[in-house]
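Naming follows writing order (A, B and C), and every chain is counted from residue 1.
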Amino acid sequence: MNAVLRLLAQRIALGAGSLLAVSVLIFLGTEILPGDVAQAILGQAATPEAVAAIRETLDLNQPAYIRYFDWLGGILQGDLGTSLANRRPIGEMIGERLQNTLFLAAVSAAIAVPLAVFLGLIAARFRNSWLDKSISIATLSTISMPEFFVGYVLIFIFAVTLRWAPSLASVYDSMSLGEKLYAIALPCATLTLVVVAHMMRLTRAAIINVMSSPYIEMAELKGVTRSRITLYHAFPNALSPIINVVVLNLAYLVVGVVLVEVVFVYPGMGQLMVDAVAKRDVPVVQACGLIFAAAYILLNMTADILSILSNPKLRHPRS
Amino acid sequence: MSKYDYLAWLAKSGGVTRREFMNRAAALGVTTALATSFAGKAFAQEPQKGGDLKIGIDGGESTNSLDPATYLSTYIQTVGFQWGNCLVELDENAKIIPELAESWEPSDDATQWVFKLRKGVQFHNGKEMTAADVVYSINHHRGEGTESAAKTYLEAITDLRATDTHEVTVTLNSANADMPYIMADYHLLIMPEGSDPASGVGTGPFVIESFEPGVRTFATRNPNYWKDGRAHVDSVESLVLNDLTARTSALQTGAVHIVNRVDPKTVDLLKRAPGVQIIAVPSAGHYLFPMRTDMAPFDNKDMRLALKYAIDRKDIVDKILRGYGEVGNDHPIPSFDPFYAADIPQHNYDPDKAKHHFQKSGASGPITLHISNAAFTGAVDAAALYREHAAKAGITINVERTPEDGYWTEVWMNKAFCGSYWGGRPTADLMLSVAYKSDAAWNDSYWKREDFDKLLIAARGELDTAKRKQMYHDLQVMIWEDGGVVIPMFNNYIFAGRDNVAGLVPSPVLTGLRMSEQLYFTS
Amino acid sequence: MRNTPLSAWFGFTIIAIYAFLAIFGPWIAPYGESAIVGDVWLPMSSEHWLGTDNLGRDILTRLLYGAQNTIAVALAATLLSFALGMSLGFLAAVVGGFTDQAISRSVDVVMSIPTLIFALVVLSVLPSSTLVLILVIAVLDSTRVFRLSRAVAVDVAVMDFVEVARLRGEGLGWVIRREVLPNTLPPLIAEFGLRFCFAFLFLSALSFLGLGIQPPAADWGGMVRDNANAVSFGLTIPLIPAGAIALLTVAVNLVVDWQLNRASLLRGRA
């Protein structure tokens, strides 16, 4: 077990290291972005004098590395800085939106992950049957459409025509959990449709991969039922790739749902970052980027740790 | 929109008085009898009080602030007119009418203007509005340290002072017969002296209760609002709806009562939806393709003429605006402006002339047009059409799509040939000064002519209308003939509302920004 | 080939048809690629079999021209991303130790930069040509492929037969090619089928940012985007390019399923 613990400790330390590296990259990336905040704030209205005035107030004339360390130092003390565009503390701007993003991601994941794994298991168990094929075709068709388009179609059917669900996913603090769930019904359905296929296909493939191993054959020869084999013999041994694809999709749910937010007018982080990029509101972009990066690294780390734990060989080294 | 549709809607909207309506109808050449029949139906109804209005507006950003110095796009400007008022406002003919200023008077040479302020107007915080507040609010946009985009308009002001408790005197560095029009700008909202500009405290029809940038704003009716016949509803919730489809479906489902910027392509489809009305307002806003006249090959007048003849304006108005707009004639003055020069011949699509001028210019090879939909709605499609039109004249236009992000900083005023948009200005002088004067910061064709500048300044200070009209005529001809802009069209502003709201005043400039105080429920 | 199931034949047929259309599309197309031939959003008719688009261009024509642009970009980008992702993934898994950590963490770093910023920075610095587009998609996708191939390969790399091969003194390349690759193929084949489809979607997401294939050239993702508004009025026009992508995706994945079967059969039962 010690070996595992050491592996874990190592992995966590490396995760922290990556985060630091990312922070540098994000800082540099936002520096490279052409255009600058002073001009973007004023848009078409930017005159050289107005731009100069803004640059002056924003302290943009200091060298980059000094600003990097200032920034990093602030973050370590929990201070994300102030937005350049509207002078509000970034922590305040992000707080609620981060909650919203995580809420939507969590609800979607709670539906999509079990559904995908279940469908994957069914498809693998009844491999090449009509059931398998129809699950595949249905899920593949939904991911062949861009997510904003899936959203439009759902809005047309369920909001405009049938009037079952709202087309705007506005959520406020004062709403009860039930009301919030109702409000996000359509974005949640959209995201579920978008991510299920990927996870389902990979689950199926990973299980089929394991199903051809000698020990499965052994179990079959012993007369264990196919369903039992799929669930108890094949599934645990196919976990590693499944965990990885699940995590990839979780990361997408947190980081990649900008278009869904736009379509359903959901106040999440993605929208904040897009606006900030457009306005060259660099501190906000950096803060969002860092939070997204942290989410990614955390999720990847979890996936690696779970993979280590789920791999019998890695769990029980011979020496 | 035909003129009858327009009149029918104008009558129905109830946004104008009966007399104004008849004048408008006469201007459009509609017989009095017909106009009366429209008017008869419409003006029987008095605006109702009460109700909770929900509006869906585009252009909201999570970076928005209530500070009027930062106002750039429609959403926040609409919110601005909820909490604030200007000194003057524009009526449906884009003429100024009194708002917080009751009257204004120029000195004989039009270099000094005296504004008399309305008395007994209270701010939301209970303080009475005085000249000191006006000076404070306007100075927020002036001077060395300001970051306001309105700074440029106010540069001609050399002195601004309170000459009485309710009188403000403005001194200019040169004569300007149109000076009060500047005070209608959406940046120049009046705030209490010494207040935080981002607090949203003003004299406006609504009091901001909550402001979530990029999401929504909630405001309730100001119980002490001073303006008669305005602010009918109890509250206004303004939702940021940046996605076109989100706006349309929110309106269809009744989640909002009115939305702005409907895509002309979908208007006919949306019209058929039950309970929805379309409100199209002709505007001074125009789409254009500026050419940098300081760069080859556009430094050649024949080249510019070739490109002006190589575009089929009607086709673009039909395809991009679906008829919700007017053909432009390569100068920025709209047809309803009093100084519009109606006798300038229309530049029509003429491949032969285009070819002739193109060959005469001595240029050969393709021309690159940098474009993105950030320039204006449908810009990439318009460029694709332009390319087809020009090809028939033997001119090859390479359309190069650039990222929407950063378009105004990286492409506009940088690339030799690109797309652009002007929202229109209330006066010919403002429009020409802002984009065609040699030293204008936004002279996007880099067109520089000394005789133009001189005439423009002379026209600005001229108080004799007939003389002035001739001067503006000559200025338009110069741009039309020699200028570096292809202006294919003026667009309509298209709103869509539920059929139980009315009252929007169809101003061709700053269209719809004051909808919150104008709209009321009919049932 | 006689064991090839019906579904795989179906998949092959569809792919063959698409390939044919992609190559000969421009000759078959009834109108010019960017020619405006009618009113906007006309319904299907004998003149315009699939109707017209948001500018009044013939949809069938646009689909045929778009096939070439879209499929070529998607295929090139996907192949490149797999070549890159798999080789790094296997290398990391088999060599392990420092190499593994170095590659894995660098990939983590690249992955964790939000795609939007990455695409914006790269595409605003580099010219927006098709080649750059392919490279951007390939690099972004390869990080995902890397994670998956490494995850599958790590499980295989600790197996006895890999160790035996190593003890036998086989070279790194040999181990990867002969031992790791065959045993990890099925999930990767499945992933390929999906990544291919994601490349189409990425093109459409880029057109949201105003990037992607240059107009007036047609691409299917962009066609969905340009016509998407029509859907809120119940018009089916954007469903046509979306359907074209879906059909190709299903066809590719049917063939992938069959390959998946063969791979696992070869290994397990043969």
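Throughout what follows, contacts are C-beta pairs under 8 Å (C-beta built on N, C-alpha and C of every residue); 3 or more make two chains touch, one makes a residue touch a chain.
Predicted model only: the values in this text are computed from it and were never measured.
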Higher C-beta contact count, A-C or B-C?
A-C
Looking at CA centres, what chain is most distant from chain B?
C
I'd like the Å distance between the centres of chain A and chain B, where a centre is the mean of that chain's Cα atoms.
41
Approximately how many whole Å separate the CA-defined centres of chain A and chain C?
20
Quick one: report the Å distance separating chain B from chain C, using the average Cα coordinate of each chain.
45
Can you list every residue of chain B that touches 2 or more other chains, as numbers and ranges?
245, 249, 252, 405-406, 410
Residues of chain C that touch two or more other chains sit at 120, 124, 228-229, 231-233
On chain A, where are the residues touching two or more other chains?
33-34, 152, 155-156, 160, 277
If we count contacts the way the header does, which residues on chain A are in touch with chain B in the complex?
33-36, 39-50, 53-54, 57, 83, 85-88, 93, 97, 152, 155-156, 159-160, 163, 166-168, 170, 262-265, 267, 271-272, 275-279, 281, 284
Complex contacts: residues of chain B adjacent to chain A:
61-65, 67, 70, 72-73, 144-149, 151-152, 198, 212-216, 239-243, 245-246, 249-250, 252-253, 255, 405-406, 408-410, 412, 441-442
Chain A to chain C touching residues, read off their complex:
14-15, 17-18, 21-22, 25-26, 29-30, 32-34, 127-128, 133, 136-137, 140-141, 143-149, 152-153, 155-156, 160-161, 197-198, 201-202, 204-206, 208-209, 211-214, 217, 240-241, 243-245, 248, 255-256, 258-259, 273-274, 277, 285, 288-289, 292-294, 296-297, 300, 303-304, 307, 311, 313-314
Can you check the complex and tell me which residues of chain B touch chain C?
244-245, 248-249, 252, 263, 265-266, 269-270, 272-273, 319, 322, 372-374, 380-381, 383-385, 387-388, 399-407, 410
For chain C, which residues count as touching chain A in their complex?
5, 7, 101, 104-105, 108-109, 111-118, 120-121, 124-125, 144, 147-148, 151-152, 154-155, 158-159, 184, 186-187, 189-191, 193-194, 197-198, 200-201, 204-205, 208, 221, 224-225, 228-229, 231-234, 238, 242, 245-246, 248-250, 253-254, 257, 260-261, 264-265, 267-269
